[in-house]
Amino acid sequence: MQLFAQILVNGILLGGLYGLMALGMGLVWGVLNIVNLAHGALIMLGGYAVYYLYTKGGIDPFAALPIAMVLLFLFGYLLQRFLLNLIVRSAQLNTLLITFGLDVVFVYLAQLLFSADFRTINPPYAGSNIDVGGVTIPYAQLAAFLVAIFLAAILFLFLDRTRTGRAIRATAQNLTAARLYGVNPRRIYALTFGTGAALAGAAGGLYGVVSQITPYIGVTLTAKSFVIAILGGLDKPIGVILGGLLLGIAEAMTALYLDPTFTDIISFGLLVLVLVAKPAQILGRA
Amino acid sequence: MKNLQRAGLALLAVGLAAVPFVASDTLVQFGINALLVATLTQGWNIIGGFTGYPSFGNSVFYGLGTYGTAIAMAQLHLPFGVGLVAGGVLGVAFALLFGIPILRLRGPYFAIATLGLAAVMSAIVATIGFAGKNIGLILPLFRGDTLFYELSLVLLVAATGTVAWLARSRFGAGLVAIREDEDAAQVMGINTTMYKVGALALAAFFSSLAGGIHAYWITFIDPGSAFDPTLNVRMVIMTLFGGPGTIFGPVLGSFVLSAVSEVLASKVSTVASLFYGFVIVLAVVFMPKGLLDLFQGFRHSGFRYFAQNMRRFRL
Amino acid sequence: MRRTMMVLAIAAVAACKRAPEQGGQITASQITLGASVQLTGRLANTGRYYGDGYAMAVERINEKGGVSVGGKQLKLALKILDNQSDVNLGVRQCTQLLTQDKVNFLLGPFSSNDALDQSSVAEKYQVPMVQGGGASSQIFSRNYKYIFGTLPPADDYYASTIKMLMKMDPKPKTVALVAADDSFDVSVANGTRKLLKEAGLDLVVDKQYRENNSDFSSILSLAKSSDPDILLWSGHEAEALNFIRQAKSLGMSPKLMYAFTVGVPTADFRKALGKDAEYAFGMTPWLPSKDLKDDYFGDAAVFAKEYQQRFGYAPDYHAASAIADVEVYAKAIAAAGSLEPAKVRDAVAKVDFGSLYGKVKFQPNGQISLPQTVIQIQKGEVVEIFAEDFLGKPRYPLPPWAKR
Amino acid sequence: MTAPIFEVKGLTKKFRGLTALSDVTFQVAPGEILGLIGPNGAGKTTLISLISGTLLPTAGEIHFEGRRIDGLPAFKRARLGIGRTFQVMKPFPGLSVLENVTVGALFGATEGQEKKRAKARELARELLEFTGLTRHAEQRADQLGGPDRKRLEFAKALALHPKLLLLDEVMAGLNHVEVDEVVALIRKIRDRKVTILVIEHVMKAIRNLSDRLLVIHHGQQIAQGKVDEVLADQRVVEAYLGKRRQ
């Protein structure tokens, strides 16, 4: 029973981070209709940003997160404004193509700039934990989880309560309607992509604290984000976080009760089943 | 004109068939790979380009073909021909079985379901002892690259022939109607379920045979390389690069991209992937409708083609 | 449309015609070694040892006058292609090296899976491949004649560790074994299970995980609940880093010790983990010792220093194995007195010399046999602990994380 | 009245507990034009979807030419000769006008069906002529203007060789002249021995066209019969103008 509780906690903590990874991808996908294959690369860049801020600048990783988010926001903003905006109205799959190309470029440049060495963000408190009734809760993972929930909540409020957020949602519904809203779609697109990139940056920093960063971590993270974003209903922040939790818990339980080599079967099997059985109910939209 | 075109194509096919007899082994190796990838791309074109179902799981057919062949040869010691058939049957059977539930999904949901299926199959194979678990299987070594090349060429010609047939047949018209508007297609008398599953099975057929040929050629397979998920992205990208829903676009797209990446990999080696990435980014910006459209458009309106596209697709 | 196809056809024919000339720089005055190595991509982190090691060895052998073939001094040349960690590209590049670039002999890539594929090309063309990056027994069980390996067999990786454990006080009783599911690690796990049984140790947790896994929390929690004396781990370096960091954050620590097949000897591992790397046991077939004399580099210690200076990171056994591969060719070609692949192949099978890597002599299946020295990280340094007998003092038993 | 070509008995459709259509029963004679009217949200389009097979009924029966069809999938009903247009028009946007119609000819009712594309195309050209779209034949469907799109819907549906044609608000958004053109077109179609069920808001047109009327309100069938009688019916007036309290 204690083991079960421990595994559940592990799954939840991991799932929160998964959810954060997928938030940005879901937002960009849902609003801009861009399936961003470079999302994992943006997470990777965020990880490096926090890594260097911590090791070279001596800034605590959690304090460095907002800085990394700003950097990634600017990067994403410019990328959308001056490159992706050029093609957003062509076939949807084209955005897939171009972000794939960007992913290749980012990964290569990262290797050139940062080398293929493994980097870990290792503040003194990483690895310390607290014991609650026999269940070990690691501080860093807990903090990462809380940050993920916090950012999801902020995103939700931003989309729901602010004028810009509403403009973004209107854009998701209908570009023409958004124009009537009096927004400049070029700016809104850039803003949305920037926000997605900023969220990826935060996820990257946290990922570096609990795992490690190399130029090549992106592919797996893109795939995970893709799955979770779909499970959670794209630009629905709460849904995406729930999707992350679902995946995190499913993976942890599978590793314990079935076999660790089965985790992929379960997580992707779950995905297919959910899609085939009940598309409309589970997903935000179908 | 039409006859001239046919003659040109026949000449091209003969020229390609002659490659192993005149060219270097390297080119033949490259050719085998490029032909197989082109076949995969053409397979994707059937389900993605014609039917409008953006599969991200065609690697599952390739992988099943690979494993069907490998299991038959490495575990059961059957001849290659039997293995190839086994692989093809496995791939098509999978398409028929899973096509019905997943083809009910549309757009990105279909895409992700296929992606999920491919990942599940890869993970499942990695736990089956008979399939060599995650360690893989070793096939007997066969020194016959000419045979592999010609087989791959035949397969590609067959796939392209099938697509050409689609472009003029009733079946193909049905697929295109589904791509354009599935609800409308249904009330116009098209058995959409059967057509979609048929298209997927065709794609599966060619993809799994390509996998089978590749398995025997490369002699060692494991789940990671047989169900390589990046293969899906490559198929999509090559189709889009050439021109989806056309007969020769996907072939052209995959030849050009294969050649570019191969030349880069052997000439500039370590910066190859950087260039490859840039090529793709620039291609999307300057020819968002594919190579074929670029050729036609450029002939028609010269450099204005780029400006026209830019205006049309920018925000 | 038709025109396009014509252009393509013409281009293809033109490419055919030009192809054979492109590799024409090879002259009789040099011997070219070719390799397709992971310089970029997923495996670049370890792949670089091979790229750098081969380059350094070729250079040094040439400085020492090259190789004497039938009374003539020939220089070595090296052609390395980057396969971007793509197995299929590696296979094609090997073919290119043999048929187009006309290299004389092949060197290998990193990792068992890549070596499995690439060695098929060598066998197909009947050109020797001496590779220092694949240890799985699968590579050498195919009855291929042209493939040689300078990494010791994966099955025996934990042999010396278990021998050591039997002499430790307190003596361990229970063991947890965690291994990845790829070719190399499955070989390690199978071999280790047998060794544990022979030693009479009790295997209480035996878990296999999926390659590239990044979350070990379930396995760790399970291991924690069964509280083993020792934990033996086999996988890839990236996974080892995750495993140890997550072990710390979940407070999992075996009662007596833990050991890892990879990572411990590399500088990268220590750098990434900082003080969390302390106490980790590992193994290496090679250490930069003064006792390992070498015809070209003096000894292993000198080599390690020069390597560090030149490339900015410390070599580990991968790099030393790469050096040995090149030296094998130098010795074998000189012995064969010919560049004919078949003759060189026979000479490679017969080499027997001392190098900075150790004693190089291939078994009939083509693989080398070297003992693994048990090592441990103590105060940020790699310390030799045990080979045939104790070489250093182990820090044992392992204190729990909170008390480190 | 001759034997009906088409008959609906007790047709009911519920969406998750919400009743969209309840116990609708009517018959249509061959060559007849039946007008279907009712306020917005009354369930008219649901009825058409049930007949064409894009929705399946919760209860009730549909018979066509003496054969029960309510269990058949949409494509089979299309092949039996039931064609429909969509309120939100559904051309194949990326195809040319000609190809749009050709698809119908390739897959339509079994006896008129052409397996060869070339022949189907000939047939499609005739229909373009018939609907006045010939000069747009090579244009992409999504580049057509409003009235031409409606014509295309007609042409596509006709290409099936339908015996029963279901028209879902084909006149919405058209001006007077255009409405008259469409009315004329529908008459022309009827002259081809096609039975027609037409949903319409434009009262003048429906009065002109229909042989009989069927009125649906809140999913209930509230009146059926001769045009003038139905329009004079108290319940129909209430449905349209709201119940007046005395």
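Going by the order they are written in, the chains are A, B, C and D; count residues from 1 in each one.
Convention: a residue touches a chain if its C-beta (ideal position, glycine included) is under 8 Å from a C-beta of that chain, and two chains touch if they have at least 3 such contacts.
Quick caveat: nothing in here was measured; it's all calculated off a predicted structure.
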Chain by chain, through touching neighbours only, how many steps does the shortest route from subunit C to subunit D take? 2
Shared touch partners for subunit B + subunit D come out as none
Report the most central chain, judged by the distance from each chain's C-alpha mean to the global C-alpha mean. B
Specify the chain most distant from subunit D by Cα centroid. C
With chain centres taken as the means of their Cα atoms, state the distance from subunit A to subunit C in Å. 35
Subunit A-subunit B separation of Cα centroids, rounded to whole Å: 30
Centroid from C-alpha atoms only, then distance subunit A to subunit D, rounded to Å. What do you get? 48
For subunit D, residue numbers touching 2 or more other chains are none
So which stretches of subunit C touch two or more other chains? 40-41, 181, 210
Spell out, as numbers or ranges, the residues of subunit B touching 2 or more other chains. 123, 126, 134, 273
What are all the touching pairs of chains? A-B, A-C, B-C, B-D
Give the list of subunit B residues in touch with subunit D in this complex. 168-170, 173-174, 176-177, 179-181, 183-193
Provide the residue numbers of subunit B that touch subunit A in the complex, in ascending order. 54, 101-102, 104-105, 108-109, 112-113, 115-117, 119-120, 122-124, 126-127, 134, 229-230, 233, 236-237, 240-241, 244, 271, 273-274, 276-281, 283-285, 288-289, 309-310, 312-315
Hey, which residues of subunit C end up touching subunit A in the complex? 40-42, 44-45, 48, 181, 207-210, 212-215, 217-219, 221-222, 224-225, 237-238, 241-242, 245-246, 248-251, 268-269, 271-274, 276, 401
Using the touch definition from the top, list the residues of subunit A that touch subunit B in their complex. 29, 35, 37, 83, 85-91, 93-94, 96-98, 100-105, 107-109, 185-186, 189, 219, 223, 226-227, 230, 259, 261-262, 264-265, 268-269, 271-272, 275-276, 279, 283, 286
Sites on subunit D touched by subunit B in the complex: 52-54, 73-79, 83-84, 86, 90-95, 99, 102-104, 106-109, 113, 115-117, 120, 156, 159-160
